[in-house]
Every structure is written in C-alpha cells, then in structure tokens.
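Below you'll find the structure, written out as structure tokens, and then a few comments.
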Amino acid sequence: MIQALRISAIAIACLMFVAGLAASIWAIAGNPLPESLPQLLSENMSRSGVEHPVTAVLLNFRSYDTLLEIGVLVIAGIAGISMAKTTSLEDPELRTSDSLLYALQRWFVPLMLVLAGYLLWAGADRPGGAFQAGAVLAATGVLMRLGGIPMEFIRPGLLLRLGLALGFTVFLLVALASAIGGDAFLAYPPAMAKTLIVVIESVLTLSIAMVLLALFVSAPVNDAEDPEEGGSS
Amino acid sequence: MTAPLLYALAGALLCGLGLFGLLCLSHLLRKLLAFNVMGSGVFLVMVGLPQHQGGPDPVPQALVLTGIVVAIAATALAVVLIRRYYHLSGLTTLDAEPTSREGGQE
Amino acid sequence: MTLNMWMPLFALMTSLMASLVIFVLPEQGYRLRTAVNLGAALVKLGIVAVMVWGVFHGVDYGLSFTMLPGVEFVLKADALSMMFAGLSAVLWFLTTIYAVGYLEDSPNRSRFFGFFSLCVASTMGIALAGNLFTFFLFYEMLTLATYPLVVHRGTEQALRAGRAYVIYTLTGGAVLLLAIAWLQGLVGDLPFREGGHFGDADPALHGSLILIFVLLIAGLGVKAAIFPLHGWLPQAMVAPAPVSALLHAVAVVKAGAFGIVRVVYDIYGIEASAMLGLLEPLAWLAAFTILYGSARALSQVDLKRRLAFSTVSQVSYIILGICLFGPVGATGGLVHLLHQGIMKITLFFCAGNYAETLGIHRIDEMDGAGRRMPGTSLAFTVGAFGMIGAPPLAGFITKWTMGTGALASNMDWVIGVLVLSSLLNAAYFLPILHRLWFREPRGSWPHERQWGRLETSAWLFWPPMLTAAMTVLVGVLASLPFSPLSWAELVVLRAYSS
Amino acid sequence: MTEWLLDGLLVIALVITAVAALLSRDLFRAVVVFIAFGLLMTVAWVRLQAPDIALAEAAIGAGLTGVLLLDAVSHLGSKRPGKRTQEGGEQ
Amino acid sequence: MTLWLMAGLLFTPLAWAVLTLLTDFSRGRLVSWAGILVQVLVSLGLWLAVARDGGFYYGLGGWDAPLGIELRVDGLAVTFVLLTAVVAGACGLHAGAYIDPDKPWHRYFWPLFWFLWSGLNAVWLGGDLFNLYVGLELISLSAVGLVALGGQAGALRASLRYLLAALLGSLAYLLGVALIYGQFGTLSIAGVATWLSDHPVPSGSGMALALMIAGLALKTALFPLHRWLPPAHGIAKSPVSALLSALVVKASFYIAARLWLELGQPIGSLAAAQLIGLLGSAAVVWGSWLACRQQRLKQVVAYSSVAQIGYLFLLFPLTFSVSETVSLQAQQGMTLQVISHALAKAAMFLAAGNLILSVGSNRVDALAGVSRFLPFSLFSFGLAGVSLMSLPPSGGFAAKWLLLQASLGSGQWWWVLVLLAGGLLSAAYIFRIYRASFLESSGTDQFFHPSRSLEVIPLILAMLALGLGLASDQVLTVMALPFEGEGAP
C-alpha cells in the first residue's frame, strides 16, 4: 500500500518533471540563438588539420575533454580489473560450446576487424573515428571471448596495464610536447595537426577496445577481501 | 515544430522515464537500464535542441560522443560492481539493509 | 617602543608555549615538566609585574592585526586588564606548585598540566583582550581548555559534570557570539575604551542595545554563575582540587565576571548603562544570586560543594558592586575580583589538603582535623573569616567599600543584602570551624602526624599558607599603593573620569 | 509528410521500447528490448544528421552495453553464491 | 612561466596516474611521493603567480572560448588548487603508510588517486560547462573505484549507491548544460554571464539552472539527497574517506556556487535561494542529530560532513538580492568554510583511521582509555573538532562569523539561529567522542600504537585548520584579487 503510494508519488513527480522540462525546451526553442558556434567552427576548420568537423571538435578544439574522457575510461578499466580474479581468467563455465555462436564468430571476427580499421581511417574526413572503431574492436573481442577463444593478454598483468595506459600516454605525451614546443598545453602545430591526430586516434582505438574488453572480462570476481573499517566489526 | 525539436521533446520524455526507473526500480541492473535510457534522453535534448534552429551542429554531436563513452564506462564499471556485490552478498538490490542500520537509520 | 607592543603577547605566550612543550614531553618527565611549569609561571609573573608598573605610569601596551575583514585581533593592557592578569599570574604560580604536589602519582599528568597551562593562557588572553571579538576568542578557548581538567578523573561522575559544564558554557558562548556579532553589525568593531562607546548613542538604537546587553549578560552570566545559569558550577567540583581552585578563584567564573565588567564599563559605559536602565535589574539579579548561593551553601554536606555554592554567591558581589553606579561601590566590586580569588583559592587548597592527606570530603568528617593539620586549618579559618567579612581581612574591605558605595548612590537595600549575606556566610562557615577546632576526632587518621615533619607534603602545605597570608595582608595594607584596593580605585578613577 | 510520419513513429517506438525495457517482468527480455531501444536510437541519430553518434550508438549503445548486460543477467540469474534471497527479475 | 605551471598542474596528475598504473603499490608510493612534491610546488608557484599578477583566462590548445575550452585561473581557483595540493598530498602520504602494500589490488590505489586529483584540478580551474561535466565524472568514477577497492559486500553496496547517485547527479547537470547550450549557443560560463548582463533573461533558462544545481546538490549530498554519503564515506579506507569528504564533495559544490554567483542573480529567484538555504539548514540540523546517534566512529564523522555541507548552501540566499558587502561577506565565509572543513575533516578522518587502527574496533565506546594511552591521535581529532564546532580561533569560526555578519547584515536573521544551533549540535557529537575517550576503563595499555608518520599528518592538517582563523584575512585577500579580464599572459 505504502509502496504503491510511493510509486505513484514518484510517477507524478516525474510527470511534472517531464512537463516542466518540455515547457522549457519549447520556450528555449522559440528564443533566438545569440551565438552561432557552428559558423565559428567552420571558419576555423582549416586550422584544425582534419576535414570532419566532429573529429576536429573532439581532437583539436576540445581535445582536453577527450583527454579527460579517456581518463574516465581508464579509471573504469582500473576499477574493473582491481576486482578481477588475479589467478586464472579461464573460467571453464564461460566457454560456450554453442555451435551457432562459434560459426557466427568465424565469419564475424575478420569482418569486424576490417570494419574497425575502416572506421578509424575514415575518421579524419568522414563520420567515424577512434571511439567507433574502438567499440567495434571491443565488440569483436567480446565475441571471441564468448566463443571461448582464450585471450591471455587480458589477464590483469603488466601487459594489460600497459595496454590500458598506452593510448592515454601517447595523448598525454603529445599534449606535453605541444606545451614544450608550441604555445599552449594541447596546442598542435598546424602543420603536424593531421599526423598527430591520426596517431592519437590509432592508439586510442586500441586503448578503448582494451579497456572495454577488460571491463567485460573482469566481470567474474575474486573472493579476496579487506577488513572493513566502517563495517560492523 | 521541427524534427529536431520533436526528438528533443522525446528526449525530455525519456529523461522522465529514466528518472522514474532510477527511483522506483529496485533491481540494480534495471536501475542501470534506466540510467542508460535517461542518458539517451539527455543526449537527444543536447543534439536536438540546438539543431532546431541552426541545422546540424558538430559541437553538441562531439559532446554527445564524449558523453556516450563516459556512459559506457560508467555502465561497465557498474556492471562489474554489481556482479561482485552479488557474488559476495547474493543480493541484487540495495533495498534490504540487513546490517549497518543500528543507531543511525533515517 | 616595539618591545612594549609585544609585551602582552609575551605574557600570553609564556603559558601557551609552556602548554605546548608539556604536551610533547613524555609522561615520565616529572622533573622537566615541573621545571617548565614553574619557570614559565615565574617568567610570566615577572612580565606581568613589569606591565603593572608600566600601566601605572601610563605606558601603552598594545598589539593588533586584522583577523577578518572588519575585525581586529587586539591585545592591550589597561588598568583593568592588569588587575585580572596580575591575579591569574600570581595564582597560577601558586596553583602550579600545589598541583604538582597534588597529582604526584596520578596518571595523565602531561595532559593535565598541558591543559592547565592552556587554561591560564586563555585567562591571560581574556585579561589582555582589547575588544569584544578578541575577548570572545579566548573566552571560548577557556571553555575548551577546562573541559579536560573537569573530566580529568575519567569517572562517570566527572564525565557527567563535564557534560553539564560544556552544555552550559557552549550555549552561553553561542549567545555571546550572537550578541557580539549583532553589535558588530550594528556599530562596527568596538575596542574596549574607558568610559564606553554609547554615551551618546542614537536613540533609535536603544532598543537593540538593550536587547544586546541582555544577550551579552546572559552569555557571560553562564561562566559568572549568575542565578539561573549557575547549575554547572557545583557539579564541576568533582574535578581535582587544584582545578576547582583555578575554576572558582581565577579562571572561569572570573572570566565571566570580568567580561561583565568590560561590557558595562568599556563597551556601554557606566553612564550609558545606567541611562538605558540596565544596571538596576542586574543589581537585583546579582543580589538575589548572592543570597541564593549562600542559602544553598547552608544545606550542603560535601565540603567542596558548599564552597562551590559559596562561589556562586561571592562572584555576584563583583557584579553587584559595578551596578552600584558610583565610584566607591564600583571599587568595592572590582576589588572583590581579587579578594574573592585569593580567599576562595585558600579555601579550596585547604579542602584539597584535607581530601588528599586525611581523605576527608564531607563536613561531618572534619571533626578535630585542626589538631592533625593545624597549618591548613589555620589557613582555612583565615579564608572563612575573610569570606564572612571579619575585619581586617580581605572580605571586610570589600563589604565595607560596597556598603559605603551603596549609601552614596542611595541604594540602601544593598546594605541589607550585604548584612544578610554575611550572616549566611557565618552560618555556613562557623560550624565548619567549630568542628575543626573544638571537636574530638572520630577515630584515628589514616596517617598520624610525625614530629618534625610537615602535616602534609610541602608542595601542598605552602600555597594555602601563602594565600592565607595574602588574605590578611591585602586587608591590612589596603591603603598602600599597588594594593588591590588602590589599584581598583585607579581603575574606577580612569573609568569615571573619561 | 512521410518524414513526419517516420519521425513520429520512431519517437513512439523509442518511448514504447524504453517503457518496455524498464517495466518488463523478465530481466532478460528487458535487456533484449533495451538493445532494440539502442538500435532505434541509432536510427534517430541518423535522422538527426549525426552519423558519428549513430555509429557510436550502434557499436557502443546497442552492441557493447547490450552484450555486457546480457552477460551480467545470465551471471546473476544462474550461479548462486552464498545465500539466495531475492529473485533476479522481480520488481 | 605560467604556461609551465599550468601544464604542470594539468599534466602531472595524469602522468603520474599512468606511471603508477605500471608499478606495484610500494614502488607507486615512491613515485607518488615525487608527484606530490611536484604538485605542491606547482600549485604553490601558480598561487604565488596569481597572487602577484592577478587572475587570467587560459585557452587550452590555443583555442579561446567559445570554440575551445578556457580555464579560469583566478584567486579562488588557485586557492582551491593549493588546498587540494595540501590535503590530497597529506592523504597520499598517509595512505602510503596506512594501506597494506601486500594486497595485490592495492596497486590500483595510486592511479585512482592521481586521476581523482587531476579531476579536482580540472574542476577548480574549469570555465567550460561540459568540461566541468567530464571533470566531475573523472572525480566520481575514481572516487567510486577507491571506495570499492578491495571491499566487502558493505563497501560495494555503499559504492554502488554512491555511483548511482553520482551518475544521476551528473545526468541532471548535463541536461541543464544541454538546455544552456540550446539557449545561449555557448558552453563557457563567462560567455553566458556576459551575454546575460546586457540582455533580458530568456524564458526557460531557469529550468537549466535549476537542473544543474539540483544535480550538483545531489553530488554534494545536500539534504534530503544526502543518504548516499555516510555509507560511502564511512566505509572507505580512512585516507579515501578523507579525500572524499574534504575535496570530492566540494568540487560539485564549487561548480554550483560558481554558477550561482555568475548566473544566479539574473536567472535565479528569491524563493529558490531561500529554499536552498532552508535545505542547507535542514542538513545542518539533521546531519548533526544523526551524527550524535551513530555508534561507529567514522559514521559520526561522515554524518558530520552532511551537516557541515549544509552551511555551505547558506551562500545561496545570502548572495541573492543583497548588498555588495553582504554578498562579499557570504562568499568569503563560504570560502573559509570550504577550506577549513576540508582541512579539519581530512584531519579528522585520518585521525579516526589511526584510532580505529589502534583500538581495533570502530565503535565509539571502544575509545575508552584512548585519551590516556594515545593522546596524540586523539589530540589531532580534538583539534579538528574545534574547527568543526566553529570555535575560535579556527577557520570554521572565521567562516561562521562572516556568515553571521552576512545574515545579520541582510536582515535574514533566521540563518543566525541555524548557525548557532549548528555549532552547538556539532559540539554535541564531538564532545560525545571526547567523553568516550576520557572514560578510564582499565589501567593497562592494550592498544596498538601506529607509527609517528601516521600520527603527525592529521595533526598538521588540524593545526592548519585551527590556524586558518588567525590568517584568514591574508587568505581572503588573495581570493579577492582583481581579475585581469581576457588577455592570457
């Protein structure tokens, strides 16, 4: 009874929230826009080193966002593997003997690898880029994993940590180098902008795939525990 | 009324739905689903609203791309936590608090 | 003179530094700790003596810096501060000696002496504070520094007393803070100034000023143990004797009383206070507290508890004195600040001696103790007669001056209060003296006295003897310069002439 | 007109799948519906002329999140370590 | 020079996060010591530079707002950067000695710690709404990771709760950002504020501000959205709790305060300001009351955070539609409260950790006799308590004094009651701990004595919190430095 009341109260509150939000959106949609960022963006595109505006925003104009965002991803990866089983990753239960999946995977894996490569390559002047490519790569890995293909490199060892750190490190090194050589943190020299962005994107693709895969794989958990300070001892 | 605005309004509705889900559902994975629905709603508003007047705008699109990656990171982390929590306690919700209630319940 | 500027800080720092050093010293470092304690106390005595001399000759000791936007941290020495500073410097020295003996084998001495020195540092800060804000700083610091002393024994009873003490004083502190902040918002930062600030206050402000005065008195009245706010004091006597001595005679209650004097004289100004009609009700309240405390003291069977209620009564003399609105009465009140301190500390020292040497806590156990401990009992007798107001002891000077002052300002009812209170004082002290000297001991004492040795440890024996001697001397020599009476006259002269 | 119809239908489908994903009784089905929701979102992004997001949504939103959640559901539903207190799918 | 300082500030924590990821705990500790040193020096350098030359905007990647991300480097920001360097540095040093290096998962402590630090720096300096969002997520996720690190079911429950609250808060904030971008076409706070200063307020922007502040309030654990905080802060390892309570909740509050100060006057309303103040007051009272009733030491400290955070939100009513002086007083009071609470609470959590380590139990009753045998840790705890009770001369007192003045000056006397009652209530829970520790139970020393380095760190922090009151005028002068408009150095 109380539960039902509570749920209906929350429902009403959410409805009111939606109504208010919609009203604000409606009102805002009617107001003129004081500033046009897209125009400013297109004026500066030539200095960005790439053709595709979204990539330009992500990896040049607002590259600090992207740097931190990769940080977020790496954090999630770290937090994930901190809970992974450290001894053995090969949980026999995870091996599926599903023949359909196996067949699927035989066909899909190479296809997806190609797709990832294409997405990465396309990123500079067409839709696509590191995130999409990384995601596809990770998905490939997941598929392989589900199919029971052993992937030793995902074991939480130095290799995995190196992989996690790789993309981020390169990005950071570029940022630092730009601070040393150029005039600001993360400011690429215009001549090298394209090269740098492509390099960054490639390593990011690897790293993103690695992190996502690590998070997927580390889901089986270990039993090791710390005594709790705040617990009920 | 333009198509982007329609999507923005739909985004508002999805936000409300997600909020409702986050507050009312007790199973942790469902909460996570609700979070993702709400996130999608926010992203729709983010892209739809500015494009209502100005046409395609790469800036919010890039922001949403960042947002999606952050969301997947958070989701993946949450899944790991939920699975470990389940592994250790056998629970899938946060409601029943068997311990940690002494003295300081609210 | 830059040195003069720093003098108040030095006076403060001697005990603050001593406290920090003592905290760091290991528990076993008995000799070193005692040396630090006594050394610091002596240095402080010296500094204060120099400053007393300087203030008498009109030297300006002052130090200030901006602590917060619009608020200054001010230390400065005037005649009134030196009165309180002198009292705490002298009594700190004696109490330290006493405490060293008293706590000889008990645990936690490092903690005790650390907070003890901190407590004295706060008292010094209260004495030397140059505005209400600075005063409040040290006033709250005193609360914190005394809490560990009150609960020192760590028993349930001590902890209960500590809780009562904290609840009373922190609430009082909050009220005081409200009053000070309000005053600050109303008229800005006010330094203590002889003659006060509100002689010509805007009539529109009168309402707020009266309200603020009430809040200030309510805040300060907690520590001064004015009638409805005195509940913590009798409980706090569970603390070790040196702590009670310090609490009752020097630090806490005096801080409250001193604060009231500051507010009336140096913030509002005596004329303005009278004009706003604030003194009369305060006088009535003080008079009631005097009688109430004495009456309650009558029925106490625990020696220290009886002394505690006596303190409730005696501190209000100070407040009554300054409310008399006349130089003579005010002198009487102010001089009691010192006199009460000296007399009460004597009594508490003696009570501590009885407890420590003979295990006596209750009054009915004191039969015949005079013969076992003649020196202590003599000191106790002097203190008690001083409280009653027998000439030529300290208490007599107070009461006489106040009586004259009351007559001068046509507040004849005060005489009645004084007489009645003296009778009550006699009624609760004389039976004790009777037991001490004229009754046979009930049994044998835990430690019989051995010939050729002091009746108790020398550390415990000499402080009450000294303070008892002072009780006599300040009375007999009241007319000499630098006696408490002449100093109080100096303060009042400066307050009224400006 | 057809575009409006398409957009309208898409929005309605989005909302319906969202509701279904949240309220479905069976957790497994909920996740499957959520993947459908992700695919619909992909279409919506295309309609909003945001192909980059559409790609990312297809790969991440529908693909990876879905697999991750499916895996979690099967894990939470099958093995039961320790005390078994609550059924996975009840609400 | 400034460029180098900025690069150092943004680069070192991230670089150290990567470096420590590749090492184990013990070597990570050595690396981190070096990193802490660098951070403290860089922060100090930047602070001095700003104190000398005034603040400036710093466009990252050479792009200025609105196209690029601009950092706002002013007195307030560098003060918080320095505060972070001090507090996080202390927590890092403490953690190095406190955390068991033999547990394999503890190697991940350092990377998370450094990511947290970089997120904090990003937030203090951020001037771009979306960048602040990413910074917030960086902080939240690393904080959640730290809480969950090697924990049992209780810790996981707490961290999950924390994660969900943080994510919901971020989404609400992001929704507000979306509306702001839809309305103003820019993400720079300064840009929006400039536009608003000479245009009428467009309809619908109130919702945007409300959403952002509501989301941030959830992440700051403002009553009644505070319920996720005590479990998470109470159950984490002490250095982590210290970081969370001292800095992490302040980050989201800082953004809310910045938004309110820049946009609150045009967009906000009196009712909203008073409502937030009311919630803050409720937090003060309710948090203190619950803190009094907790049986476990760290829970007491955690609930105390809920209460102390409440004071911060008095900023909102005290800066809305009031005179310039009152607003300044309120801002200064808020800043001092943030700093002193950060120092005091970090000291308190670290000291509490030491006490728990010594006593072997986290119950308050178990502290009996501690005052006799472990005076050192207790002393730090007590000193920190003085600041939390806002007694003089601590920074907490200075903050309370300024807030009192602001309330009285603006005629909003009801906050005075909250401030006074809050002080008394906090005294109630702190003296409860003192009381427990003064109880003489047995005469023997059965306690474990932690090493000196563990004991000294909280003491230093507590001393800083205490001394802040005396030096607050100097601190406030740096914060009130003139801001040198656009031009980067």
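Residue numbering begins at 1 within each chain, and the chains themselves are lettered A, B, C, D and E in the order written.
Methods note: a contact is a pair of C-beta atoms (placed from the backbone, for glycine too) under 8 Å apart; a residue touches a chain by one contact, two chains touch by 3 or more.
All values derive from a computational prediction rather than experimental measurement.
S.K.: Touching subunit C and subunit D alike: which chains?
M.R.: Where subunit C and subunit D might share a partner, there is none at all.
S.K.: Determine the shortest chain-contact distance, in steps, between subunit B and subunit E.
M.R.: Shortest path length, in steps: 1.
S.K.: Could you name the chain whose CA centroid falls nearest to the centroid of all protein CA atoms?
M.R.: Smallest offset from the overall C-alpha mean is found for E.
S.K.: Which of the chain pairs holds the record for C-beta pairs in contact?
M.R.: More C-beta pairs are in contact between A-E than between any other chains.
S.K.: Where centres are the averaged C-alpha coordinates, which chain has the largest centre distance to subunit B?
M.R.: The most distant chain relative to subunit B turns out to be C.
S.K.: What chain is the most remote from subunit D, judged by the mean position of CA atoms in each chain?
M.R.: C
S.K.: Would you kindly tell me how far, in whole Å, the mean C-alpha position of subunit D lies from that of subunit A?
M.R.: Here subunit A and subunit D have centroids separated by 19 Å.
S.K.: Once you find the CA centre of subunit A and the CA centre of subunit B, what distance in Å lies between them?
M.R.: Subunit A and subunit B have C-alpha centres separated by 16 Å.
S.K.: Distance-wise, how many Å sit between the C-alpha centres of subunit A and subunit E, to the nearest whole number?
M.R.: About 28 Å separates the centre of subunit A from that of subunit E.
S.K.: Just give me the whole-number Å value for how far the CA centre of subunit C lies from that of subunit E.
M.R.: 43
S.K.: Identify all positions of subunit C at which a residue touches two or more other chains, and write them in rising order.
M.R.: Residues of subunit C touching two or more partner chains: there are none.
S.K.: Subunit B: which residues touch two or more other chains?
M.R.: As it turns out, subunit B has residues touching two or more other chains at 8, 13, 15, 17-20, 45, 49-50, 52, 54-56, 59, 61-63, 65-66, 68-70, 72-74, 76-77, 79, 81-84, 87-89, 91, 99-100, 102.
S.K.: By the touch rule stated above, which residues of subunit A touch at least two different other chains?
M.R.: 21, 25-26, 28-29, 33, 36-37, 41, 54, 62, 65, 69, 72, 75-76, 79, 83, 131, 135, 212, 215-216, 219-220, 225, 231-232
S.K.: Kindly provide every pair of chains that touch.
M.R.: So the chains that touch one another pair up as A-B, A-D, A-E, B-D, B-E, C-E.
S.K.: Can you name the residues of subunit E that touch subunit A in the complex?
M.R.: Checking each residue of subunit E against subunit A gives 3-4, 6-7, 10-11, 14-15, 17-18, 21-22, 58-63, 66-69, 100, 103-105, 108, 111-112, 115, 118-119, 122, 130-131, 134-135, 137-138, 141-142, 144-145, 148-152, 154-155, 175, 179, 182-186, 191, 195, 199, 202-208, 211, 231, 234-238, 241, 296, 298-299, 302, 353, 356, 361-362.
S.K.: Which of the residues in subunit A end up touching subunit B in this complex?
M.R.: For this pair, the touching residues of subunit A are 7, 10-11, 14-15, 17-18, 21-22, 25-26, 28-29, 32-33, 36-38, 41, 53-54, 56-58, 62, 65-66, 69, 72-73, 75-77, 79-80, 83, 131, 135, 208, 211-212, 215-216, 218-221, 223, 225, 231-232.
S.K.: Note which residues of subunit A are touching subunit E in the complex, please.
M.R.: Residues of subunit A touching subunit E: 20-21, 23-31, 33-37, 40-41, 44, 60-65, 67-69, 71-72, 74-76, 78-79, 81-83, 86, 158, 161-162, 164-165, 168-169, 172, 175-176, 178-179, 182-188, 224-226, 228-233.
S.K.: Given the complex with subunit E, which residues does subunit C contribute to the contact?
M.R.: 23, 65-71, 73, 107-108, 110-111, 136-137, 140-141, 143-144, 147-148, 151, 153-156, 158-159, 162-163, 166, 170-171, 173-175, 177-178, 181-182, 184-185
S.K.: Going by the contact rule set out above, which residues of subunit E touch subunit B in the complex?
M.R.: Residue positions touching the partner: 130, 133-134, 137, 141, 144-145, 148, 152-154, 156-157, 159-161, 163-164, 167-168, 171, 174-175, 177-179, 181-182, 185, 187, 227, 230-231, 290, 293-295, 299, 303.
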